[in-house]
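So, here's a batch of structures to check.
Each of the next two complexes has chain A plus one more chain, namely chain B in the first and chain C in the second.
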Partner chain A sequence: MASKGSAGLLNFFIFNSKYGAREGEEEKKVMFYFPEEADIDTKVKNIGLAEAIVQFTSTFSDLPCQSMHTQKSRQLYLEPEPGFWMAMTVSLPYKEKTKDGQPYVEYREDDVQDSVFAAVLDFAYRMFKLFNGTFEHILQRADGDVETLKQRLGHFYNKYLLTLKLSQCDLLDVFNGIHFLPLDKNTYLRIQCFINQLEAAFPTVKYTAFLYNDKLVWSGLEQEDMRTMYLYLTTSLFPSYNLQEHQGGSQPRRFMTGPPDLSDDKAIGKLPRVFVSTDTENEECYLLVYRAMSATICMLINVKCQLNVQLCRKLDAMLAPQMTKLASDIKEQHYQRAAPPSTTDPMFKYIYFNHMNLAQQTTVHLDLQKRAGINIPQEIMRLLGDINADLTRSNHDGETIVKTTSDFWVVGKKSDSREFYVVINQKNANLIEINEEVKRLCTSHLNSVFFLD
Partner chain B sequence: MAASGEADQPREVEFEQPNISSDSDQGDFNESEAPGKSENAPLLASDSFDDLSYNDLGVNDHQTVHRGTIHAIVRQTSTSSDSRSNTPNNVDHDSLEVSAGEESLEESAESQMQNVSIADKQEAVELAAPPFSSDDEDVNSPEWKNQKKHVFILSESGKPVYSRHGNEDKLVTIMGVMQALVSFVQDSKDSLRSVVAGEHKFVFLVRDHLLLVGVTRGMDSTQQMLLQLMYVYNQVISVLTHSALGKIFKQRRNYDLRRLLTGAEKFFDNLLNLIDTEPGLLLTAVRCLPLDSQVRDVIAQSIVQNAKVKDLVFALIIAKNQLVTLVRMKKYYLHPMDLHLIINLVNASESFKEAESWTPICLPKFDASGFLQAHVSYLDEDCQVCLLLLSVDRDSFFTLSEAKDRIRARLVRYNALSAINSSLRRTSYSTQQCAISDLRHFLYKARSTAQYTSPELEAPYTKPEEQERLFGLYHYLHHRIHTSGRPLKILFHVGQYETLLGWVTQGFELYAVFGPLITKTGAIHAVNRLLRWIKREEDRLFILNSVTF
Partner chain C sequence: MASGEDGQYYVELCKNPIRFEPVSKANNVFFDDANKQVFAVRARGAMGVVVKGPDEKSVATFRTDDKGDVVSIKFSPDKRVLAIQRMPRTVEYVNFNSDMTSEQQEYSHSCKGKADILGFVWTGVNELVYITGKGLEHYQLQPDKRTFKSLKSFSLDIKWYFWLSNSGFLLLSSGSAGNTLHPVQFKMGMMTRLPKFEVDLPAVPRPNKAQLHDRDVIMAIIYEYLYVIVLRHPPNAAQGAEIVMYQVQKEGAARKTDVLRLDMSGRFAINVVDNLVMVHHQASKTSVIFDIKLDGKFDGYARYHYPVMSPLPIKPFKLLLPSVNMQAGTDKTEFTCDLYSANWVVFQPDIVIDAKLGCLWTLRLNLVPIVTMLPDKVKLIQFLLNRGESKSVLLSVCRDMLIPGQQTSLPVISQVYDMLNQVYKAYLETEAHMMSVESSASPAASRSKVIIDQSDMFTHVFAVFEEHKDVPYKFMVAVLIEYIRSLNQFVIPVQHFLYELIINILVHNNCFYQLHQFLQYHVLGDSKPLACLMLSLESVYPPAHQLALDMLKRLQTANEEIIEVLLSKHQLLPALRFIRSVGIVDMVSSRKFLEAAQNTEDDLLFYTVFKFFEQRNQRLRGNPRFQPGEHCEEYMKKFEALFGAEAFMQVQVNM
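Moving on, here comes the complex of A and B:
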């Protein structure tokens, strides 16, 4: 059988040329390298190549180097903080084929899109920053001891990288938006009122965010902080919690992070610390997450404040009744609303993203976290990525309508920092009909959104 | 196609074959038979862009290099008395006296260059010394850095051969870096293809003995840039032949190839300018000078009847980068990429205007291993209409010169020459002639004939910056439609300043540019009318019949 492969992580490294600038000391540049077991020669060689490429392009371009394409792989670059470069190498999908009786390997360069993997690399940094603060911040706190930074990087990335599913990455990773839960005014105000009450009663709770299932209802965090936090909650914390609940079967834990047992004064449990930049840069907070039914509240408490089980008990006393009530109300309201939308209409699928509030919607993906895959062909998904990259590059409002050789219609619109992509599988339609269809879709599904025609 | 009732032709065709093809985009467009379609095309209908694949490039050049065609012709035409060894018309450059060492090789290659024409000598001498060598002409100069497109040729060992901007001598370091990057990646059994930094794309092409690097901050995609580097590589082959190139580097890996390419810089410079302004190179198609088909027949027949010369492979007339006519030996076709090299040769050589010339040229797609001899002459006083007679016989200059006189006399007698000149004066045609409002510009390529047509550049595309922007839009359309793995049939794009429509079928490729306010319905009607107009004019705009000796 002919073998084939999909996109995978070949290596991932962080270096700073400031360290080990002298010849023979190159290995001091290495801040982090994955896979760990690679020999030092390989590490130094690969970092040397990345350095050379970055240096070479700067002869021509004032903008930083983004990617290197080779026959078999793709390397992405990011300089998130001055002097610190991150590089990620992705293997290209390949297929063994035969031509004139000779076997050869076909590497699919166009199947790996720069914009998608640049976003993956970017979020790898943001996620580190969320839990550790910036590289510079770590160095400052450790009086410039680079070993501390290396330890932190190793501790974080050796686990984080294993969770990446590169072959499933697509346009949604580029947007990395937030799914909001639409609610009626009344319920929304009740939630806000509840949060005000909470913050007034517990001044140590500095920031809050309220979610229902995987959708965000309210957040007091700065947008970029919330974006990274949302990604962490929905792709890491919630799934692992749900899994435990499934297996545990015992009394449901209210605190997803923090004390596992409120009657035990000594056990504060696992309590992650996060670094947010909502009020000040690199503000370190405890992340306390509480759940009642499907409603979740995230409470950020500055590490300088006292956080103990007693406080958690008090919080629980207030949260339990109110959260449960809110959760059941939302459920009811949502149940009534959930009936009409798109699931009944298989003719078209869409993705929507708003750059202003990071709101995103998709009917292309079977579930919000992309675990179950997509319901359009992969190459069409990539085409959406192409159109997005074109519209991003031109940096103006625009519209693109295409028909593929496989007779799919794809429409991409960008208007007033909103983007909207529709895939229509209707072979015999023509451009004008498709245009009408998309107009209808805009009014029925995104009625409050204005698109330039 | 009959001259009468042409206007109704497309409808008739459509009526007779209601289900033309399943991939017709009915409902959008009245897709009839592609205008400009021909079963008997003079050019090879091969799309070098679609064929472009690294898998072919990487492995081994010899598989993709075309060789032996010239031998075949020589054998075929000299069957009678002459044995191969003493025929003067043997263009076998394998016979270069390699064994005698580098000096003689260089001499013979240099003599090739000097053959270009006597008048060229002066230029060659001037070019041999660097025209200027100021210190600001290197990587540190902002002017150099800000160039829109750089192209570098270097040898496998990293020796500079050519740089589009600046002086290669001052770019030794940066070229060394390029070579080092490529060979570093090669060491891990991989190959470097491209790098992206901001708006810049860096494209690397490794071919036999040479490394070509293109740096662009324009709209060209990496794939399109790669095609451009292929043209440049072919230009090297065209001057030296693939066999000679191989032999030189086999003898001395470190050879400074500039010694053999003295005087050839102008071909590279000119080729790169053509690439940036002439859509035909992007489309791998050729533009024909609009002419009545009767006139074109007269011209072709004048050549056929007056150039019955043994070993003459191709005879063609070129005017202002457009093809007027092409007559070929039976069985042999010209590839559009080769024709672009011929056009470049004519375009770049001022000296042809001074006297009829005799120059060797290698056409890589035809036969990369040897030279054809080209008799080049202008037929008119203004030096606009250029006749090229390409032969495998190295000693036929005087025979071909006589043939040229006869051809010219006949073209004058039948007023064909004045017809060509008046077509040139009419400056092609305007979009207004197609009578379609809101249509600003278009490119139409007939795929079966590898020919394309497009109107004059008019307002708002009169300034060079605007023309460059328009060309960028075509690059975008072409790139997005031809992305490998997800090709498109139709692309409609509303941008800031214009609306674009690209439409590709089996028969043709159409790229049209409209004003920004046109509606989708308007654009579709316009395109349908445009296709009907091209169909009506196809005899004038395209060469639909191939003429052979």
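Moving on, here comes the complex of A and C:
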């Protein structure tokens, strides 16, 4: 049996050359290194190599070096804050093969896409920033004590990196968009008014976001803050809450974060703090998340404000009836909406993304969080990633149509700031037919937006 | 506002009462509530009759012969016939000319029934009814011939009657206790009897048998329904009196629908002002008002109401009287009228007469003090919306709700806007209905209601945001969103200026992402002006460009604008693709495109655009050259200079 390997994380490190400028003090540059158990020589060597590469390449281009390709691995670089570099090394998938009776290993370089893993690295930083603030901010608060920063990094990334599923990363990670809930205007306005009333009645609630299932309805946060928080909510908080509720079986817990039991004045429960930059940079807030049926409301309360179980009880008294009503109304509306089967034509799958509002839609993935996988072959998914990389590079509106050897037609279109990818599995179709088909899809799915063909 | 003297009274008498000669031994006074005329009959008519009414036309002076005491005196609705009753079973008539001079000769007519006439009423211009102790007689009169034609009659033992002239309803009382009531309607010369009904009387200890007296019963139109309103005295003084309202049904007997709780006993007088039941209590010299449209407790049969506000006296009234010395005439003294006096007589719907003083007033409501008396804003708005002339008060209440320091909470604002828009919607619907039917039938009925529309809100209410800079923008946005939500809920199209206002607030506070989300969910409806507004925001918020284009596309009538936007952004190829996709290639101006192409200073692009239009020319006219009318000479020269004459498309010559 020939052995196989998939993309995996070899190492992940953060360094800042400023802290170990003198020879012999190289290890001071290390802010964080994964795997932790690697010996100091390996750490220093790998960091030295990465440092050398980014330094060296900077003489040729104004743009920083983004990645390095080797036979067996791929290394990606990111300088999220001046002087701080993050690097991540991913092993290439391989397969042992025999040729002329000789076994050899085939590394599949094309299976690891720069754009996808650059996005993974980028979000590794953003996620840290959401819960800890920027590196500089931590240093400032610790009066420049770099050990505090190192502790924070270690504390966060040692857990975070274990949750990465690199082999499942794809185009959706590049977009990292937000699924918006389609909703009629009246219900939307009611939600809006409800939030306004909440914020007026509880001025400590500074920002609010409203979700239904895993889809966003309203965000009082700025787009970038919301993007990261949305990722946290949908990939981490909600799944673990759902799991707990599933096991619990008792009365559902309404505060996802915060007090588990409103009658206990002392237990405020687990209450994450997040750093947002909506009003001011690095504003630290408690993230209080409340759920009623499938509707979720995230309330951000500045850490300077008093947050106790009493306040939560008051919030609950207002939220419980209104949220339940809204949730059941939304549910009913969606039930009616879903009545005619939306995918009458199972022949095609699509991904849509709008850079302007980060709205994304996919029928390629079985669920929004990609837990259940995709319903097109892996290589087609990768092809989508490649087309996206091409379209992104050219920076112009354009269209690419590809026919694969496996009889799939793959179409990628970009217009203004929107991207639309369609996968059609239709044998014996010709280019003209596919072009017509995609036009038809555009008119039916993107009717209300200005999308040129 | 409430501190001034004006602020303490919500009921007042009209400023200019009708003055007449006070009642005296030699002077009898009669009031006809149908024509609202006061008759001062001096010496039984021999010394003259002075008639005064609400307008000049209804003023008259004449003499009649002294033929005995006058029992009742009334003009016909057109004031051409005067009916005078002096004898128990006969009514006498005098014809009048159009200049209100009387003809000399009187003529008379007696009732058929073998009972005395309780009274008579004019049910039409030349049509009247005698109500006798034994029944009803309906006649048509021909004044020129001085003859009477019997129309219809019926017999009934009648105790007393009540006539509501403006709706042609007559209420007859019968039965031993007088509590069986028979409504009769007169319409276009026809008399229709409606089902009788009984008014339940309070149990009274024997031997006094309970009686329903005429002084305790009135009829009134309230909110377009006819009610029989009965004052029910308590069986003992410990309990308060109540007013029971019976709604007269189109079919079936009148139904007890509302009960007004007075919590007082003694002598009362009832008026109806602006659809409110106004009750005056003589002992306490106060009045209360009831609004049956405000929520009352419902016990399965009737709604129980309490006064809208606590009892208050009528605003003091000062009368300017000539000095004691009548001849001097010039000097006038101020005289404070005695309110709730024993000389007061009230008539429906809103008339108070002091016969001793010689004054006739109409009652009116002063809404301004009520604003502070009703702290519950929802109730206040509900109350004001049902009044006739409350628009300015309503607007100022809505306005005050937004002013810092006295801001009302959002849930209340939300409810208030829903109430305003419910009325607004009903009005729009009747308007639309009228337009389609094109009937001229009483548009006044719907107009009389108070409508607060979007421009009223914009100019009078939301204007506070401009004046009070300290209103937090969050509150402004929340209020506007509440209003827009409410409009949408009632399916009322939102007008552009509201969108503009909210966009300006969001933009000034850098809330672009919020604005983006509103547009994403179509909270702000598509329109060309809004699209243009968004385009203007592109420099501060780049995604506004995309939002604007999407909006123009959805409008489907803005192709020109889309082309302009694309060309201004040097997006020549997308513009060409766009005109092709919407099928207007043949219509667009080639010059506009070539000019834009030239401005890009991209020769290849210029070439492409030029070729595109050459092909169009070829297809349209069989010749690739531009026509002089297209003013493209400049670009042809430029093309030639760049690419040479041989680059032009060849003109094909047909052999």
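The rule we apply is simple: the second predicted complex is superposed on the first by the 448 of 453 C-alpha atoms of A that agree within 3 Å, B and C clash if a C-alpha of one lies under 4 Å from a C-alpha of the other, contacts with A are read in each partner's own complex, and residues count from 1 in each chain.
Just so it is clear, a residue touches a chain if its C-beta (ideal position, glycine included) is under 8 Å from a C-beta of that chain, and two chains touch if they have at least 3 such contacts.
Since we're looking at a predicted model, the values are computed, not measured.
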{"item": "Partner chain in contact with A:Lys72 - chain B first, chain C second, else both or neither", "value": "first"}
{"item": "First, second, both or neither for A:Met356, with chain B first and chain C second", "value": "second"}
{"item": "Partner with the higher number of touched chain A residues, chain C or chain B", "value": "B"}
{"item": "Partner chain in contact with A:Ala372 - chain B first, chain C second, else both or neither", "value": "neither"}
{"item": "Chain B versus chain C as contact partner of A:Ser219, first or second or both or neither", "value": "second"}
{"item": "Which superposed partner A:Ala200 touches (first chain B, second chain C, both, neither)", "value": "second"}
{"item": "First (chain B), second (chain C), both or neither touched by A:Val303", "value": "neither"}
{"item": "Intersection of the chain A residues that touch chain B with those that touch chain C", "value": "397"}
{"item": "Interfacial residue positions of chain B with respect to chain A in the complex", "value": "23, 25-28, 54-55, 58, 139, 145, 150, 174, 177-178, 180-181, 184-185, 190-200, 202, 215, 217, 222, 476, 480, 483-496, 520-521, 524"}
{"item": "Chain C residues touching chain A - in the complex, by the definition given at the top", "value": "409-411, 414, 474-475, 477-478, 481-482, 484-485, 488-489, 513-514, 516-517, 520-523, 542-543, 546-547, 549-550, 552-554, 562, 573-574, 577-578, 581"}
{"item": "Of all residues in chain A, those that touch chain B in their complex", "value": "49, 52-53, 56-73, 104, 106, 108-111, 114, 379-380, 382-383, 386, 390, 394, 396-405, 407, 428-433, 435"}
{"item": "Contact footprint of chain C on chain A as seen in their complex", "value": "180, 183, 185-186, 188-190, 192-193, 196-197, 199-201, 218-223, 226, 354, 356-357, 359, 397, 415-418, 448-450, 452-453"}
